[in-house]
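Below you'll find the structures, each written out as structure tokens.
Consider the two complexes below, in which subunit A is the common component and subunit B and subunit C are the respective partners.
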Partner chain A sequence: MASYYDIDDILTEEELVPVVFHKAANGVIIDPSSETNSVEQGAKVELPLWLAQELHWRQAVSISAPPCFNQKTRLEIQADAACVDLRSRCPYFYEFGCKILPLVGDKTIEILLLSAFKIRYKETLTKAYTAAYTATSKVLTLLTREETNLYEAAQSSMAAFKKWRMGGPRLQRASVLGRKRKPVN
Partner chain B sequence: MAGQSDPHVSLFSAEEVEFIAEDEMVEIVPNMTIERLNFISGDFGPFLPLTVNQVPLWLAVALKKRGKCAIRPPHWMSVENLTKVLEEERDSQGAFQALPFHYVEISRLLFDHAREDIPDIYLVRSLIEDIRDVRLHKVETSLEKFSGTSAVKIPNLSAMEVNIIRPFVGRALQAFYKHDNPEKIPDIDRVSSGQSRVANSEPPRRPLRR
Partner chain C sequence: MHGRKAYQLVKEFASGEKGQLKPFNRELFGRVLEECNEHHGALQSLIRKMQEEGLDVQTARNADHYGALIHHLSLTRNKRCLMAYMYNRAEIIRVLAWKVGLLHELPEEIQEKLSDSEEEYFKDHAKTLKSYMSQMGLDVNVDMVPPKDPYIKVRVLEDVGGGIILSDKSANFARHSMHFLKRTDAEQYIARGLMEELTS
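Now for the complex of A and B:
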């Protein structure tokens, strides 16, 4: 589970979400291109999740579903989840979805996440254990962070097993032993 | 021991699993008289020539290296038994045949150190490799059937096979759990206002699925 210092968790909260301000706010520079240092009521801006979340709890903004959960992506995921390039849309698709879910109050996101993960999980599994290492770079570009972790876990344990099976030097030389003596001046 | 190697890769490395497997008992036939050996793990011997003794695999390998004994291959390592197991592995799609928990490691250690003690070593070795490949393939196909959080039961899986799939399965099940039960994400209890109430008011979903 996510901890305070989890870098993936922090990066997930950096993702932008579209929000609508319910209240005018003075003295803030949220949009650098605006002329004044204030945000008007009803303004639509994109804020990182951590800020949007705090403002949402204070009833200052309302959050709408971010672009990676729009209709177009949903249709693509329904068509063939395994081929959708989720990494370019949102590298933390699943975690982000879980975080945005209670804020948007859209139950369909939950179903979307689960169905997408189910299908992509199978794809990741078959690729991870069967594909040759050279063929993997293309697959990896489509995967989200979580799927990449899964994939690498599978690959590295398989590689470790193969290395063990091939054998080789049983004992490793301690790094201290290989060191040469310093020349005495 | 566990986690000392590389914490990200797996809980145990293959070498560590092999180390654990060395505690399995094997039969040896000494070819000279050796007095009783006292170790922390127990006392073994005394050994008399041509009398069968039960010793751990590590001791058997150590004695074998010094040319003091012959290792008797375990009963399951016979050509007839392995052929039977291989056929049954191929026939049954879902189930795994009963083999010793450490069969991969034991067979490799014996192939490395006691080649001349195993009859038909080339046949035995290729049979075991075939069995292992068939089983690994079956593990992968059974992993494909995961769809949601559920108790996973794969009987007769061996130590090395479990060790290979452990990092992947652990993460995958955690992810399935997370997406299957979004209500249980700890952040949610902090959310108490606004639209989120709609999302929380529904009855909790069944935690276990088939």
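Now for the complex of A and C:
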């Protein structure tokens, strides 16, 4: 269970999922197609995950699989997982998948996530260790948040190793102050 | 959409560089609070409506109940976003207090980014740390790795003036001058970016 204050967890739960209302609800502006301030029974709406899952537990809505786990994405991942642009589909692909899994009860998502992560994990690490600094920007745009963290961790471990081997100053300017230096007058 | 503004607030925090502060977004923060009040108002009016209809608020499951539920969930969601925003900023501010704030004021460009309560938090935290260290008679903020040599060579990067207190000598710290200092004396100035360590 992620921490209450976890920024990434909060952002994951903002991803939209398609739901169908089983119960009507008054006084809320959620359904854009509705003319009154209410949701009809049977209305199809997209809700953020935090709202959808709570309503699902109270049997007020049913959730279907969100578009980033549709057939097209699955086929692309099966073809070559490492080249799929997961970030534009959902920057929290894996975390979102893990959260959505018990809600839609689709076991194939589990397999999809695992196989995608295994292949992409290897690719990401290989690229982080070998790619030249300038060639990285294109690779980075395809990665999800989790993979970006992984990539940066790999690069910083590489940098730390180099520093340890070559030596260098131990004491440095505190990183909280930011990279900017004041202009020299 | 419910909780959209709170999401923007958290998103803004997340989009910054890791461990760096962005200016405190008073405007958006205030708007999320307004939204909370709106949700609260709507929640209460729905509950009142149910009571007027003679329903048991605890057990009734009609459309008003689900409307109220959605408002309630939006409220707790907004709360979580606001709390996370404050909490994560406070964490960075604590790091600041450890790194730079023990003996000095914050640099102006960082101080501008703090809200009033955050500034107070920073000052109090630095004060508590200082009083703890003076009681223990121990500087807990120095480098954890034991040095090979107690003295290091440093170059002054900015005019520091006479504000430098050294334990064993005094010198003129003009910009670009080089000195051979006790490591413990130099550490805090290096952390603040006023000096840099030279390695041979």
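Basically, the second predicted complex is superposed on the first by the 164 of 185 C-alpha atoms of A that agree within 3 Å, B and C clash if a C-alpha of one lies under 4 Å from a C-alpha of the other, contacts with A are read in each partner's own complex, and residues count from 1 in each chain.
Please note the rule applied: contacts are C-beta pairs under 8 Å (C-beta built on N, C-alpha and C of every residue); 3 or more make two chains touch, one makes a residue touch a chain.
Owing to the predicted nature of the structure, the values given are computational and were not obtained by experimental measurement.
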Subunit B versus subunit C as contact partner of A:K72, first or second or both or neither: neither
First (subunit B), second (subunit C), both or neither touched by A:L114: first
Partner chain(s) touched by A:Y129 [first = subunit B, second = subunit C, both, neither]: first
Subunit B versus subunit C as contact partner of A:V28, first or second or both or neither: second
Which of subunit B and subunit C A:W50 touches, first, second, both or neither: second
First, second, both or neither for A:E14, with subunit B first and subunit C second: second
Subunit B versus subunit C as contact partner of A:L103, first or second or both or neither: first
Touching both subunit B and subunit C, residues of subunit A: 167
Interface residues, subunit C side, partner subunit A - complex: 1-3, 7, 10-11, 13-14, 17, 19-21, 42, 45-46, 61, 63-64, 66-71, 73-74, 77, 80-81, 83-84, 87-88, 92, 95-96, 99-100, 107, 110, 143, 145, 152, 158, 183, 186-187, 190-193, 196-199
In the complex, subunit A residues that touch subunit B: 1, 56-57, 59, 62, 94, 98-99, 101-105, 107, 110, 113-114, 117-118, 121-122, 125-126, 128-130, 146, 149-150, 153-154, 156-158, 160-161, 163-165, 167
Contact set on subunit A toward subunit C in their complex: 4-8, 10-11, 14, 23-28, 30, 38-39, 48, 50-51, 54-55, 58, 60, 167-178, 181-182
Contact set on subunit B toward subunit A in their complex: 8-10, 13-15, 18, 108, 112, 140, 143-144, 146-148, 160, 163-168, 171-172, 175-176, 178-180, 182, 185-188, 190-196, 198-200, 202
